[in-house]
Amino acid sequence: MKRMKMADWLWGIVVFIGAASLSAAGSAGAAGGVSDATEACIGCHAMVTPGIVADWKKSRHAGVTFDEALKKPGLERRVSAAEAPQGIGETTVGCAECHTANADSHKDSFEHNGYSVHVVVTPRDCAGCHPVEVDEYGRNLMANAYTNLKGNGVFQTLMDSANAVQTFDGAAAHLGAVDPLTEADSCLYCHGTEVVVKEIRARETAMGEMAFPVLTGWPNAGVGRINPDGSAGSCSACHMRHGFSIAVARKPATCSECHKGPDVPAYKVYSVSRHGNLYTSLKDKWDFDAVPWAVGKDFTAPTCAACHASLVVTEEGEVLVKRTHQMNDRSGWRLFGVVYAHAHPKSADTTVIRNKAGLPLPTELTGEPAAEYLIDAGEQQARRATMQGLCLTCHSRQWVDGHYQKIDKAVETTNAMTLAATQVLLKAWETGAAKGLAQNDSIFNEAIEKMWVEEWLFFANSTRFASAMGGADYGVFAEGRWYLSKNLQQMVDWLHFLMAAKDS
Amino acid sequence: MKRMKMADWLWGIVVFIGAASLSAAGSAGAAGGVSDATEACIGCHAMVTPGIVADWKKSRHAGVTFDEALKKPGLERRVSAAEAPQGIGETTVGCAECHTANADSHKDSFEHNGYSVHVVVTPRDCAGCHPVEVDEYGRNLMANAYTNLKGNGVFQTLMDSANAVQTFDGAAAHLGAVDPLTEADSCLYCHGTEVVVKEIRARETAMGEMAFPVLTGWPNAGVGRINPDGSAGSCSACHMRHGFSIAVARKPATCSECHKGPDVPAYKVYSVSRHGNLYTSLKDKWDFDAVPWAVGKDFTAPTCAACHASLVVTEEGEVLVKRTHQMNDRSGWRLFGVVYAHAHPKSADTTVIRNKAGLPLPTELTGEPAAEYLIDAGEQQARRATMQGLCLTCHSRQWVDGHYQKIDKAVETTNAMTLAATQVLLKAWETGAAKGLAQNDSIFNEAIEKMWVEEWLFFANSTRFASAMGGADYGVFAEGRWYLSKNLQQMVDWLHFLMAAKDS
Amino acid sequence: MKRMKMADWLWGIVVFIGAASLSAAGSAGAAGGVSDATEACIGCHAMVTPGIVADWKKSRHAGVTFDEALKKPGLERRVSAAEAPQGIGETTVGCAECHTANADSHKDSFEHNGYSVHVVVTPRDCAGCHPVEVDEYGRNLMANAYTNLKGNGVFQTLMDSANAVQTFDGAAAHLGAVDPLTEADSCLYCHGTEVVVKEIRARETAMGEMAFPVLTGWPNAGVGRINPDGSAGSCSACHMRHGFSIAVARKPATCSECHKGPDVPAYKVYSVSRHGNLYTSLKDKWDFDAVPWAVGKDFTAPTCAACHASLVVTEEGEVLVKRTHQMNDRSGWRLFGVVYAHAHPKSADTTVIRNKAGLPLPTELTGEPAAEYLIDAGEQQARRATMQGLCLTCHSRQWVDGHYQKIDKAVETTNAMTLAATQVLLKAWETGAAKGLAQNDSIFNEAIEKMWVEEWLFFANSTRFASAMGGADYGVFAEGRWYLSKNLQQMVDWLHFLMAAKDS
């Protein structure tokens, strides 16, 4: 068979190409070079998936051993484990070090050329060298992004309202069932899928017949992905494969992958903010690889990471803010994705929340917070103070206070506008112009309901983001106060049109 | 006359400036230097249009002769002619080599300082050195972009509905005639105009009185421009004047010039995709000039060109995909610009298509494909396999299969949503709430018709793009599934409002 | 008290850090080094606001004295004063040179460690070294951006319609009062606030208790900011603190901070124009610091600044356009922010304008220009000729003429579409479907009025921008002709829906 012949031929030349690849990787400065297991991987994969190997060869993982990484002084250290995970330490971090780690707990492990390999590398695997970061990330709303969405009946209904195929019966359009492929291609791209092993199946490859696990919910690199080892999250959402570069994670384009749409326009707001403009104009002169990251020296205006995640120091090495992967521990307000802005939830798993109406929502429909589930004013203030420690590097106390006054006012006024829109919706339900909770109908499927969703999910959110990040241009006409106001007026008219059409 | 004096003075110093310019161009490494004819051009134009000359001097054209270019080994060669066009070979490619080529077939040729010069350089002119690329481009839908639009009665009506000035008579707004300048400034900017020579007219210049052709449809660099030599297209749409750089053509900004709006948001989707984010973060370290283009070495994530046009090889020089200027020969589905997604048309000239209803459309109004005019499933699969050959460089077989399953599902569900919207529109026509084909009225001029257009031209397209390119953020809330769903519900309500208003 | 101890400790080490900072600044090449006063500032602020000091240390201000700057030959000179302002000349331009300038005229001056310091540096302060630029800027509409908005009753009403919190009474939504913090966070972010000194108040700092002025309208860097010294404007709107780099001002990201939204999408249009695409693809090879700025050599496609502000020369040093900070002296048409496009106003203070109806608007509601307040056709032509002098560097006369024909047509057709939309609105007022001037009601608060605003403020503007800057993709489907047409049709239907709802 022709295919098998090619396979034989390919096996015959892997030694040469593998050796060439390893030599290149070795020259990146590794003390110990790659492990035998990784050498075996590269033997074939330099040819089968050359892009992956080439990308990895340029990475820090390919050039440094754990033991070397551990020798770096305090703030410069990029690993947080006190000692190397079993079997790692004197070799660089290659294919096998991650794809064979914790093999027993991985339902996606399979026998592959003598190794027990798994496809999906998880935060639990990364924790071997980076346990502190993984632990912090567990307290991040993002790590719970799958559960907080799919495990919340209200938000599942919102998802369905966007993802379901509809049919028109001559008078109304009705939602059908939602296909899992559509969910995976839509909301769950960012929130994460549940990756499930269906079976192990053999198929032809360039190397002959081989067996692989068949996965559903794959491919996916969403931040709250449920992994075959039971863990949640995907470090490669931001530290992209197979370079895993800190520089990439620090650049706003990375965050933009899930924070650009009108529901969460952080990137768009940043890109019209002064910080964003300085980044765009000056980034070529900045050092995105330095650890720790020195403001003034390595960069002169913050990126997303600088404010929300990075360890930032002065030129003299004084710590301004500590590194965090919790992300919301420098912010008092939860600004987006919810009907009303409110204090951050205590638990990153928000499915535990119940408001007075018994719904899994952090506020009532009137905006009143479900206070027992939310951080208190003291904790809000403490988180704000952490962020301000960074602001004050380049801004005076008065400047910073004036800025935060405007944020608080934006929270107040956008919540008030959301309340007015909610009252229009309640009137629509009350008059029978639309069907809501009382009629046991989805609260997201009809046009006027979708206009209500936009009032908070798009326009109130955007206005708050624009205020918080100083991107006023976005918060006025782009998706902010102009539409917050126009959409409300249109909702009122639409309500009257619905009532008139019902009567006619 | 003062002007003539200045002209005399200018003629007097051209020798000096021309010489300086040529010396700079020569130093770019040309074996043979510029031709006598080009030297004459530069003599004046270094002063009259210094920006053009400066741009060209930095180009490969200014530094290499055809004969040198031909000596490059196979994959590195940038010319595809077996031998130099008449008169070219030992000199670099300057003004005269293009602007006097094929002078006889150019209706825009005019006598200019002893040379027969034409303004509009065409694919036929470029074919002297690059015949394979020009031939491939002839099979590209883009080369037919003028004809496929202006030669299709349905699309001409859609154009008019956007471009016509309207007047309000107190009850309704009516479309007036469309000015050719408006069309050229609107749809035809990208699709291309028809460039017609009206006359040759003399006017004053800095060099004294000179005669030039007067052109309509000019300036324009649209991809399907109808040229004064009868050819179609404009190579400089992507290989921009006067650097004609392959690096520029490989960068997404170039494609964005016509692929960014909501009707064809490829650039916006790319910019929130993982590929786009890696490009943005890492492009400074990539080599956009290398031919062939080695994945992993020259770049580590694809740009538009990598997937749809470029010759891509492995670090070891193995060909992953061959160069193409047909563009759609790596894609099975035609995703945008049409009511329903469908298999690509066999002929790049789509005006030959007739559906069962006799309209020049590739599907019925119900979505059923006009199959005899479209490629079959086998050809779809073959084109897909070509693209996947590139995907597999960095992704596993399972990864790629999972990705394509989602694309196919997106095609299916967006076509279903378009069908529902179409049924709402048919109901509007049937009930007299709007006027359509049966009333011999434009199907694009009324508000509810325009809502229907957005259902497919904006939201279904965008959802499919987001799926195909992994830019989910755009396909959910930006212009994707959320609006696909909301717009349909609004259409249903609008239909009822129209009926109520009619009754009242 | 712990805080005071820290203060003592801090005062103790400022000498060391200050000295280190100054040495770094000195090494940037200053002949005279920093002044004693600036040395005192840096002593503390290198520690208190290290980001500011680090940013400034990289600036030209930190490395050059006025006297050195004055020695540069003509076109290369970056200062326009004939001699140094009092006390400046032999030292570099540091903290004190700006923050203590003109102390007497600054209401925000306060005693600070022995110096009379002010927080808000104003154009009048910058005029010490840059008087010509400040003078030109005074003739810029932007310098009057606060007054032209807040001092015009019509525009104040438009602002309120977007910024006011609304309440729903069960039938209609009503506008409440607007909070000054909201205005500052919205329109006035770009237009500028009025910065007012409320009091001088003491508070604890890291250095012990100190007194500072308490300002309202702060922070703000809007282009028309009313400053505590009575001047208008903020140079740091574009020349951002504390680098004040000409390179930053020349990059489009800077302009995008206030010119990106749908009301003034200049940046978005640029980014899909050929110029913008060349900028994006090639900017890494351009020199944004060179003065004067040589087309072809320093850059090969214009940025915003090149066309509207910069001194641009040929490679040989011939002046193509002179530097200007008036901005509109190269443009004949005023394209945006107004109901109809019209010739630019004679006075940068547009509050002096009165149309025939007595309103402070440059046209009637029908589009007829308030001609006596506007530049005449001759001046329009002269401004256009200035711009074209730059176009002609890279484009032929015929190319340029063809381009401008399309602009003039776009002005004509978008004004006609605005007129049609205005007639629909007048009909709504006439029939009582909406309440307007005759009912003494805001003309911007109801849904149909907001649709009318979008017709001109978003869609007509965008179409004109797209035409003027060659960004057709934005002017067709993004926010241009498609919506200009669709919005009008929706207004007509909405009018009928309103009438039907009223009747029902």
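Labels A, B and C are assigned to the chains in the order they are written; within every chain, residues are numbered from 1.
In the analysis below, a contact is a pair of C-beta atoms (placed from the backbone, for glycine too) under 8 Å apart; a residue touches a chain by one contact, two chains touch by 3 or more.
Computed from a predicted structure; not experimentally measured.
The rotation relating chain A to chain B, fitted on Cα atoms, amounts to 120°, rounded to the nearest 5.
Between chain A and chain C, two chains of identical sequence, the interface residue sets overlap only in part, with shared numbers making up under half of the total. In whole angstrom, the spacing between the mean C-alpha positions of chain A and chain C is 34.
Residue positions of chain A touching 2 or more other chains, listed in rising order: 284, 497, 500, 503-504. For chain C in complex with chain A, the touching residues are 17, 49-55, 58, 119, 161-168, 170-173, 179, 181-182, 184-187, 189-190, 203, 205, 212, 214-215, 218-219, 221, 240, 243, 245, 247-248, 251, 253-254, 256-263, 284, 445-448, 450, 457-458, 494, 497-498, 500-501, 503-504. On chain C, the positions that touch chain B within their shared complex are 271-274, 276-278, 280-282, 284, 295-297, 300, 314-316, 392-399, 402-403, 405-406, 409-410, 413, 416-417, 420-421, 423-424, 427, 466-467, 470, 472-478, 480-482, 484-486, 488-490, 492-493, 496-497, 499-500, 503-504.
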